[in-house]
Amino acid sequence: MRKWIALALALMLLLPAFALGEEVAGEIVIGIYEPASGPNGAGGKQETLGIYYANSVQPTVELSSGVYKIKLVEVDNQSSNDKAPTAAQTLVSEGSSIVLGSYGSGVSIAASGIFDEAGVVAIAISATNPQVTIGNPLYYRICYLDPFQGTVLASYAMDEFAAKKAYTLAQLGNDYDVGLAHFFTEAFKAKGGEVTGETFPLGTSDFTAYLINAVNGGAEVIFAPTSTEFASQIITQAAANGITVPIMAGDTWDSSVILEAAKGTDLSVSVSTFFDEGDTSSLAAEFVSGFKAWLNANPEKLANNGGNDIVAAVTALGYDGYMVALEALKLADSAERDDIADIMADVTYEGVTGAIVFGENGDAVRDQAFIKRTNNEDATWVFVKVQGITE
Amino acid sequence: MKAFKLSIAFLLALAAATLLFFSFQAKDSLPQLLERMDPHQAALQDAQMQKARDRVLDSFAEGNRERTLRNLDRYTGGFSDSLVMDSRTGFELFFYENGPSLSALGMFLLVAATALTGLVFSRQGKWRRAALPVVLIAALYAGVYILENMVGGSSMLMTVLKKGAIYALVAVSMNLLNGFTGLFSLGQAGFMLIGAYIFAIFTIPVESRPQVYQYYAGGLIQFEMPTLVAMVLAGLGAAFFAWLIGLPVLRLKSDYLAIATLGFAEIIRAVFQYDGLGPITNGSNLLRRFPTFQTALFPFAVAGVSIALIALLIHSTYGRSFKAIRDDEVAAEAMGINLYRHKQMAFVISSFFAGIGGALLAMYQTTVQAAAFTSAMTYEILLIVVIGGMGSLSGSVMASFLFVAASEWWLRFLDNETMMGSFRVPLLRSGFRMVAFSVVIMVVVLFYRQGIMGDRELSIARLTRWLGRRGKGGRDG
Amino acid sequence: MTDFISANLPYLLAGISVGGQYALIAIGYTMVYGILRLINFAHGDIFTVAAYVMLYASASLPLYLSLPMTIAFTVFLGFAVERAAYKPLRNAPRMSIMISAIGVSYLLQNLMWYVTGGLARQYPTLPWISSTVSIYTATTKMVTLVTPVLTLVLVVALVQLINHTKVGMAMRAVSKDFETSKLMGIKINAVISVTFIIGSFLAAVGSMLYFSNYTAVTPTSGAMPGLKAFVAAVFGGIGSIPGAVIGAFIIGIAENIIKALGLTTFSDAFTFALLIIILIFKPTGLFGEPVHEKV
Amino acid sequence: MAERVLELQHVTMQFGGVVAVDNLSMHIDQGEIVALIGPNGAGKTTAFNCITGVYVPTAGQVRYQGQVIVSAQPQGKMKALYAGSYKDFPSQRVTSTPDAITKLGVARTFQNIRLFKTQTAFENVLIATHLHRSSNLFTAALRLNHREEKQLREHALKMLEAVGLMDEKDELATSLPYGKQRRLEIARALATNPKLLLLDEPAAGMNPQETDALGQFIQEVRERFDLTIFLIEHHMDLVMDISERIYVIDFGRQIATGLPQEIQDNPDVVTAYLGVEEE
């Protein structure tokens, strides 16, 4: 096998003639490790869209030994831990120099052992569970963590809605939901608030009972950090049952599904996320317009985004993730996995979702989150403010 | 004739001894080897070379054989011109790189030699018949170990073989229930979950418990067990739950039993995810950092032993009474077989091995989360049993390797949009792999109801007959 | 007293509404089981396909066209599944038919993933049903009231069909004794097809009601209601249609009561526990009649 | 007086309104061959099923070697509906599963052959030896019981030899010709070392020569294995030839009993079978 890789690398070096157009010294493989089916499939696809768009914007990287074409190899981990090892192993065997993904912390952690053994650096794009990077030296992350996001939302709930009693709703068995709800509860209680929490089993569609429990419990804010499928059930049923209490959630709710569900209702739905479409900085605006054009040009990609061209936060993060990978390749000035591993810690990149600098454990140092509210008339996001942790 | 066999046996033993001696000797000779390869210290001038060499020595000190070999390969390949490679160092380098495979080969030759001598001296038929299977099994295990060292422990082939071995054990345990006793149970994922959790809970090292049980202050259980003990405990735990749920459920007719066991698996999943049990099961969060196996031999060995036990059971008087219950319950009862007790035995044993399979899957995944053990996993295993052939152990084993390789390796290309020149191959986009796979399963379920082996076992006699028939063009069949 | 009612009225309404939707699915299970002794695992997925077809159809067609088209498509799908996956196994052992049902469910779910991309889609708002209405102090959708009424109407119509028409009599005969009805010249395949057609029709209607109440459609959103509807069918006495309906309402209301009591984590687990308890004490369910094994 | 092997007292079996077996009382002594005859649907097989525990009778008692193995009173719905003529019911209720009764030494064959279809003839008989095993699950699986295993296999072979099926022992049970399948079922029943053998229409579908051979075989088996035999049969010449006593039932009720000769010219039996002549 080792001889085989050596041979493949040698072959790649002798391939200038086959490259398209400009002089290319060969190909560097970047692995995409995302769920395309299973409960997280929808979010995974939107993240992958960001990566493919970034590839269309920047298909090559220039190293001292020449310009290399980036080859994306995508694999579906079906958002389940027992499929993770073979999916991760496929990327390693395909010769990925660096891997992007995965949406969902569980599958990322499940694959960390395989990436570590093969010496491949992996960049978690939107997996916010702290355990993804703790104890996994080669796993880096460009989004903020649950502890940060939970506390930010708790501060926002108190500052914005002056809520004293909160109700959290999380999906039983989903470590993202339960983790975020836990940190929100801790932060909210630390600030003198009162929290009652409930969990619902996978496959639930009827949330009326939960919403009514919240209202009967006198909650002034409902915090439901669930996946998009349950989010739209919660929103439509909250509207149907005339719930007036404001609803809040984490980054998973930053998607067109929520806008569509909230359209025409008088619900107040606010979300903390990594990126805001309305962000007027040139970098973000250019990305948004470019991505929308690219998306509308391809009906299949439009379908993967839920049939509309609203930019999900994970798409923006996917874009930044790809660019960070290119930065790493440039800094290491080689496609060798060990070289990239050595320099990864000091890669920095001014991304669409803000400055990315890696702190301890390989987590990006992020100290503020965008807070957005839904505009229910024309189903768009309204930028509220950038929220840090207020003591 | 006897002398000839003995001399061959002796030769085999001799070869084995030399192989074992040299590979053992080369085991930790790498530092001296590097010195000898670079007599006039070329590394000191060339920083690049020095860095590559240090990397080799670091990973060697770390004991990570996989990475050491990779760095060594790059070092010898990249700087071959400034290294001196005389025959002796070349020989030692060869033995260092292929040490484990050669020692495995040595072990196999040793087994073959003993089998041969045993054959010559033994009288009873039983030993003579056992010689060939023993050698074949030794060849299989040595082959897996050699393959692993040749291809690299974390290659695609080995990952699929590891998962294949684990699914083989679980498929055989489900076949014992559905295929041999005629009990249609859909609770296999639930018992795997119990096994995986019990194994993980009792083997997480105490020092990493605070980090794993982050929301539950380090968790309730503050001790750890050796791996094998925990695996047996995992099986016993699953068996206990099987006995418990068996009390009410085993008297039910086949399709009610299916739904009741399916319901049981859902209940178990909800219980293990319950926040209240967090200090023990870590609620909805992951369990990780428990010991995992480094070589593919471990799952192959555990699965091998378990499947052998199940095979022994099936060919015993109890196995025959299970098959009687499958064929005709009324007649079996009339022949004095207590239906309830025998069904309970089959159910508990099958769950015991499903628990061990769950523990192996936990080690394979390096993480355990109840969310993964859904009814979809039970359906997957059931389909493996059907493809292999209900009532055939060798069928289930073959089918699980085929199933895992096909669904998670060979058919993956169906998910990626491939371009033939400028023409985009239609249909190929993410999700198509699973569609193609489920169509294949429907075809098997509908038209090849017997599956690969039907209810026949793969025996050496049948294999030679089959190969013979292929050779003669299969005329006289 | 009144605040007790106003606090619990919403739970009751939700229970009745979801109970009615389960009933429409459960009838499909009970009829197919009564005739073929088969748990039609794919029934829940046909229910989801109906939702997707409605979603895609109403995107381009006006409502009065997309509604009938959806029902027609679902009925055809139910018929096709029976002819393709169950007819070849007519005299195969019971286990292989059930495995074929699991295979069809596996295939349908993967197909939906492939075609729709898996992102949750919003079910179109049917004009009259999904407008909100308030009863006493609770506000809910019109569908919560329409469902029980429509369910009862459909059930009564179905019971009339079963008891007072030739096809109905044939179905009852086949469910009593498969072999002898074949000997009596009843065209078994036709009767089975009719059963699947009726089952799929009710599933299509059920999916319209269900998804106008819970409007997010994903490839697996039909799996859990399907399983719960089967539990209801067994609970009411598999094979008996009134049993399935009453079982469905009981399960729907019980589920919501458990959530009201705060044991939300175990709401699904409780339904399965209920099933196991029923199977032990009264294996034939509330209204089922015991089946004697001839020796 | 020979020791009483089997005794039925007022056994009644009622399905809803239909009384299949009505107040049947009879006995069989050690070493006897007793036949139970009657027109189709008279309740013969139902009586068998009450004795072997497949059905729990609505009322009545079955004693085997003096020990009560089945005793029942009308329960629930049956109490009101009870149409059987026997009134004062035995006090305690005893039920035992078919396998418990077989362990006591009551073996049976079935009217429609119920052989284990995926097993060979030898395996079919070997399964019947399972109930005499002393090894538990682990000793059996780990082959620690090889002595016992050898005994069971020899016992099974002996049974096959007794019924003359040695050369078909490795054939699939269901691929054997009809007559041989019947004999295999008898061999399987014998393998459970019974004291009382219940044969349910063993000669069904056999031609006269085969029926004759079967008759000798049954008598020889009784001698060789010191058995008591209780026989349901329609072939009158077989019944008359080998049975010491005969019970005749019609519509579940016993209408005659006695020696073969008496039964042959008993008018009630003739009308039960042939119906009343047209005047």
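Here the chain labels run A, B, C and D in written order, and each chain numbers its own residues starting at 1.
Please note the rule applied: contacts are C-beta pairs under 8 Å (C-beta built on N, C-alpha and C of every residue); 3 or more make two chains touch, one makes a residue touch a chain.
Everything numeric in this text was worked out from a predicted model, so none of it was measured.
Q: Any idea which chain sits dead centre by C-alpha averages?
A: Chain nearest the overall C-alpha centroid, as shown: B.
Q: Relative to chain D, which chain's C-alpha centre is the most remote?
A: A
Q: How many angstrom between the C-alpha centroids of chain C and chain A?
A: So the centre of chain A lies 37 Å away from the centre of chain C.
Q: Per the centroid of Cα atoms for each chain, what is the distance between chain C and chain D, given in Å?
A: 47
Q: How big is the gap, in whole Å, between where the Cα atoms of chain B centre and where those of chain C centre?
A: Comparing mean C-alpha positions, chain C is 41 Å from chain B.
Q: Once you find the CA centre of chain B and the CA centre of chain D, what distance in Å lies between them?
A: The computed centroid separation for chain B versus chain D comes out at 50 Å.
Q: Which residue numbers or ranges of chain B touch two or more of the other chains?
A: 270, 273-275, 330, 429, 431, 434
Q: Give the residues of chain A touching no fewer than two other chains, as numbers and ranges.
A: Answer for chain A, listing residues that touch two or more other chains: 36-37, 45, 172, 199, 201-202.
Q: Two or more other chains in contact with one residue: find those residues in chain C.
A: 110, 113, 117-118, 265, 268-269, 295
Q: Looking at the complex, which residues from chain B come into contact with chain D?
A: Contact set of chain B toward chain D: 309, 312-313, 316-318, 320-321, 323-324, 326-328, 330-339, 345, 349, 391, 455.
Q: Any idea which chain A residues touch chain C in the complex?
A: Per the stated touch rule, the residues are 36-37, 41-42, 45-46, 172, 198-206, 208-210, 212-213, 216, 228-233, 236-237, 239-242, 257, 260-261, 303-307.
Q: Applying the document's contact rule, which stretches of chain B touch chain C when the two form their complex?
A: 178, 182, 184, 248-249, 251-256, 258-260, 262-264, 266-267, 270-271, 273-275, 330, 379, 382-383, 386, 390, 429, 431-432, 434-435, 437-439, 441-442, 445-447, 449
Q: Could you please specify the touching residues of chain D with respect to chain B in the complex?
A: By the definition above, chain D touches chain B via 52, 54, 97-100, 102-103, 107-108, 110, 114-119, 123, 126-131, 133, 135, 137, 140-143, 149, 152, 188, 192.
Q: Can you list the residues on chain C that touch chain B in the complex?
A: Chain C reaches chain B through residues 33, 37-39, 85, 88-89, 92, 94-96, 98-100, 102-104, 106-107, 110-111, 113-114, 117-118, 227, 230-231, 234, 265-266, 268-269, 272-273, 275-276, 279-280, 283, 293, 295.
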